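What follows is a short report on a single structure.
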């Protein structure tokens, strides 16, 4: 009810949440609730992490992962948004593609691994293929739902003033779909990260995933967790950035403005 | 008439694509991309009723269990997080943290707690497909019209009724978007989960075909996955139509023009 | 008794600060019917939302029965100016009207009776099973009114409730409000931009100045309690009163402009 | 010239069939100002939406300049009854008003001038940078009017455009519409539920019956072109005409009830 | 630069052949890393690039499509490929068992307190293998049969090696078929070995091999020959220098120092023990792993 900007730094409660998680992970093995060889306490993971970050391999792998992630995500988002807007605003296209979309979407990207390797070997291309394939659907589906959510009155207003097709997309469809696009982006961002790491893990393309695989094969449990933590941390950072963008671009939207006023 | 048209437009593109695939792949010598003709033969040979019962049925059960649990958790947690700003601030980074962890690397950890039975597979599915539901629910709940909320408050529509009669229906279109996305992710994770500690299931079969270099059979498995996904999404679509008929009507009335 | 004391509300959002209400003080006795008039944008809706406990004032307070309110008090019904958005699009007309009664735990048969009577009173018996988005603007507004009427509130807040209906319907609804008020001894706070309506309906009229808003004037309508659309409006005293309100509002406007 | 011929519209959605318009025929000459009155729910909005090319009639047709319309014709501006929802919440007031002009490729300086003049005319110069949801109902409605006015349309369709504004503002806006009409020779079709307004504003008044809707009566307002809020309304001819309209509508209602 | 193109079937650039090899980053492939660092490949004009994958899934298609010139794979998988007419051929031995009971690099182990004492007791139990229908289950069946147990009643489940220890200790499985380094680590935690399955199957069993696509053998027999030579030199060197093998592990695994010192290293003979491979082929055919008996003449050099 009262002013939203009370707690000063908005990131603080989030940090508290993460700290709680760290504490739980520290305590579980210490209290012998789980075997510390399977889940080492936070402190040991942290030590392993410190070891990792002092190697150049780690930074190199991180760079590779981020690079593949970023490219895959950009391609998927751009393609997903464009396809979504086009398909969503042309009912005929929508009817024609619906079944194909539903058919292709659940095909697991992991099943595409042989195909990817066939085409690109263990190089970046393989990872990208899997990442784009998986992330594309996330964006596409969100945009389709977003386009369907256009307020009929707003849509009619645009039509009555004879907005050009582009004008309608730019000024009506796009702003309405934008919140959905953001959700799609956030979903795609993490799916892309998950797929990048998985592809590296399974195919062996260079990156964090390969490091995780190596750690797993080597029984280096703490190191494995340390690398997992890095992936998770990447997710948190990515989300933080997205949220910031969202607050900027969606200041007019109920979900954002509802939290500032009242 | 209308129904025929709908069916026509639904099958037109797939038929075209399959025809294209059939023609282009005919005579393919590549070991990993065999002609579609061969794949279709393999399909008919492989997916006999007995095999369907042995591999597809258990997969489907895990899938449904995982999807339903994810839906419950996703919507439940999503509503709580969406309604409560402070809870959201506390939980969001933790959730984002877990969201970014690839399920395959978590499988060992999940095995620790859940063993290697169906429970583990269901948890893997839940872990992967809860996110779109959760995110969409949170956003849907946050976007409930302020006048609607005021109306509910003013008329004392509070407590459970506020949830079931106001918040959930209002957010339901977006929740549906999340559920739909989760459904296909659930299928993907079904396959992934069956790659570990498994001895039956559709995913297991596909991986097994791949490992034993039965490539046409592997492709037939992938096609079956696609068909399965399509069938499930059709069921989902029908359910959605029914549950959101108000929304469809609301949108459709104004679409009749031009 | 409803007391508004030194009420002030400043909106600040997106770098824009608006002092919607500067300093309002007035009281409404139990069972009174007070009409609020004032120029567009002067803060009538804001005031109503503060009184209903939906909006926290920047300073000052609203008391009901001596106690300051912190949220919507029980037994209050509100008809929102945004009638269209205040109806739940996922429920049909009957359910929209019935939901608050369910929340109030009115038993089923009584509920049915209240809903039927209310829908009948606003002339919508035939549309009970339609969804709000299948209705015309005026019909939607009447649903919102029916919902408030069926609720049998102790306090009734109405924000330009007849804006979208035709003259004849409006007259009928005015009489409906008056009869409800007389029958149930409801406390009514009624926002309107129609001066005639304010004088015809109210026992008192509170006039607000334009922004920054204070109470410009108050007036007791000393017309007989039994009113009639034709005779009352032709009454010289009625004309006198409406002229006085008109002048005050002109004054308020001019003060703002000057 | 705008011709409406044998227009019929039946809504059918969710198993509910409503014959909103039965059979409407009338014409509006170029540069004419026609007011449409009729009871709530009789189909005024439906008619307007058919005329604007936003809704396909079930049968009959609408012709503009002799050609049947298939979509919104160029040079037309509509003020929707749902004014709140017709404003884009992601743009501030100025941008909302300016956007159609951009679409019409009006150059920048002219655009600025048109927007400023229009906002000034509806008394909203001060709120140009506010977002629609930061405005009161009446202010929102005035933004919608400003948008239509700034557009300098050849045909102006207005659906109860003054429903949410106070009496004084309403009078000002009425004069605004009349001066616009005289200055630019716009063809205006104006829906209202206020009989006085229809007679004061229009050069002709078309009265619709209640559902099933036909044209009940038509009337030419033979008052002098120069109108004045005080004098015109006091004119005996004005009173005579408004009584006639009132009676016709009463008749329509009674016919429906009987 | 883009290895995709330059790697294309060993294009020469200045007389040097670029060769990409798909391997799994486990102890077994230590020789190739060692050979790379010792310059055994360079001296034969081979510029070696190693691509580590998590399993065979990516390697065989990579080799068949020409993305990799060579690959490392377990021979059982290659035999499966052969029965399906995948155009691959072995060019060098990969890794062999030590042949010593109780001191091999792969075995079936149980928890310390387990009532399972011998291979016979494994009958009717739940045993984990890394891949179903592969060397793990067929070799284990063989051991059980030899010990006089009923191999048909064994319930094999599939799980990655690294998770087996937890599953074993959590009681989700009764026994685990594991290889190093997990084998050492389970033993160190009190686990007990009940069968040296490779040793039971055949003396000096050749378990894995390096292979290539038949197309490459036809197109560039010379490259293949040089690769085989380099590989053989690497393996001979590795076999003779266990300390350097333990050292090179740090380059591509994350095995900790203690385990690194403790693991049992496999043998790296340059000869493929064809008899042992034939034994596995027969066992596999008997257990239904192969649809038809593999034609070793087509697969092995």
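Labels for the chains are A, B, C, D and E, by order of writing; each one numbers its residues from 1.
The rule is short, and it goes like this: contacts are C-beta pairs under 8 Å (C-beta built on N, C-alpha and C of every residue); 3 or more make two chains touch, one makes a residue touch a chain.
These are the chains along with the protein names UniProt gives them: A, B = Nitrate ABC transporter permease; C, D = ABC transporter.
Quick caveat, the model's predicted, so the values are computed rather than measured.
Note on connectivity: the fewest steps through touching chains from chain D (ABC transporter) to chain E is 2.
Ranking every chain by how far its Cα centroid lies from the centroid of chain D (ABC transporter), the top place goes to E.
If you average the CA atoms of chain C (ABC transporter) and of chain D (ABC transporter), the two centres end up 26 Å from each other.
Note on chain placement: the centre of chain B and the centre of chain C (ABC transporter) lie 48 Å apart, centres being C-alpha means.
Chain centres here are Cα means. That of chain A falls 17 Å from that of chain B.
Multi-chain contact residues of chain D (ABC transporter) (touching two or more other chains): 11, 13-14, 49, 53-54, 71, 82, 85, 131. In chain E, the residues that touch at least two other chains are 57, 61, 64-65, 160, 162, 166. In chain B, the positions touching at least two other chains are 30, 32, 108, 112, 145, 210, 249-250, 253, 257-258. Those residues of chain C (ABC transporter) that touch chain B in the shared complex are 49, 52, 54, 71-72, 74, 76-78, 80, 82, 85-86, 88-91, 99-100, 102-104, 131, 133-134, 147, 151. Looking at the complex, you find that chain C (ABC transporter) touches chain D (ABC transporter) at residues 11, 13-14, 16, 18, 37-41, 43-46, 81-82, 84-85, 129-131, 134-139, 142, 160, 163-170, 193-195, 246, 249-250, 253.
If you check the complex, the residues on chain A that touch chain D (ABC transporter) are 151, 153-154, 156-157, 159-164, 167, 171-172, 175, 178, 252-253, 257.
Residues 2-4, 7, 20, 22, 24-26, 51-55, 57-58, 61-62, 64-65, 67-68, 160-162, 165-166, 169, 181-182, 185, 189, 252-256, 259 of chain E are the ones that touch chain A when the two sit in their complex. By the touch criterion stated above, chain A contacts chain B in their complex at residues 4, 7, 10, 12-18, 20-21, 34, 38-39, 91-92, 95-100, 102-111, 114-115, 118, 134, 137-138, 141-142, 145, 148-149, 152-153, 155-156, 159, 179-180, 182-183, 186-187, 190, 193-195, 197-198, 201-202, 209, 212, 216, 224, 228, 231-236, 238-240, 253-255, 258-259, 262.
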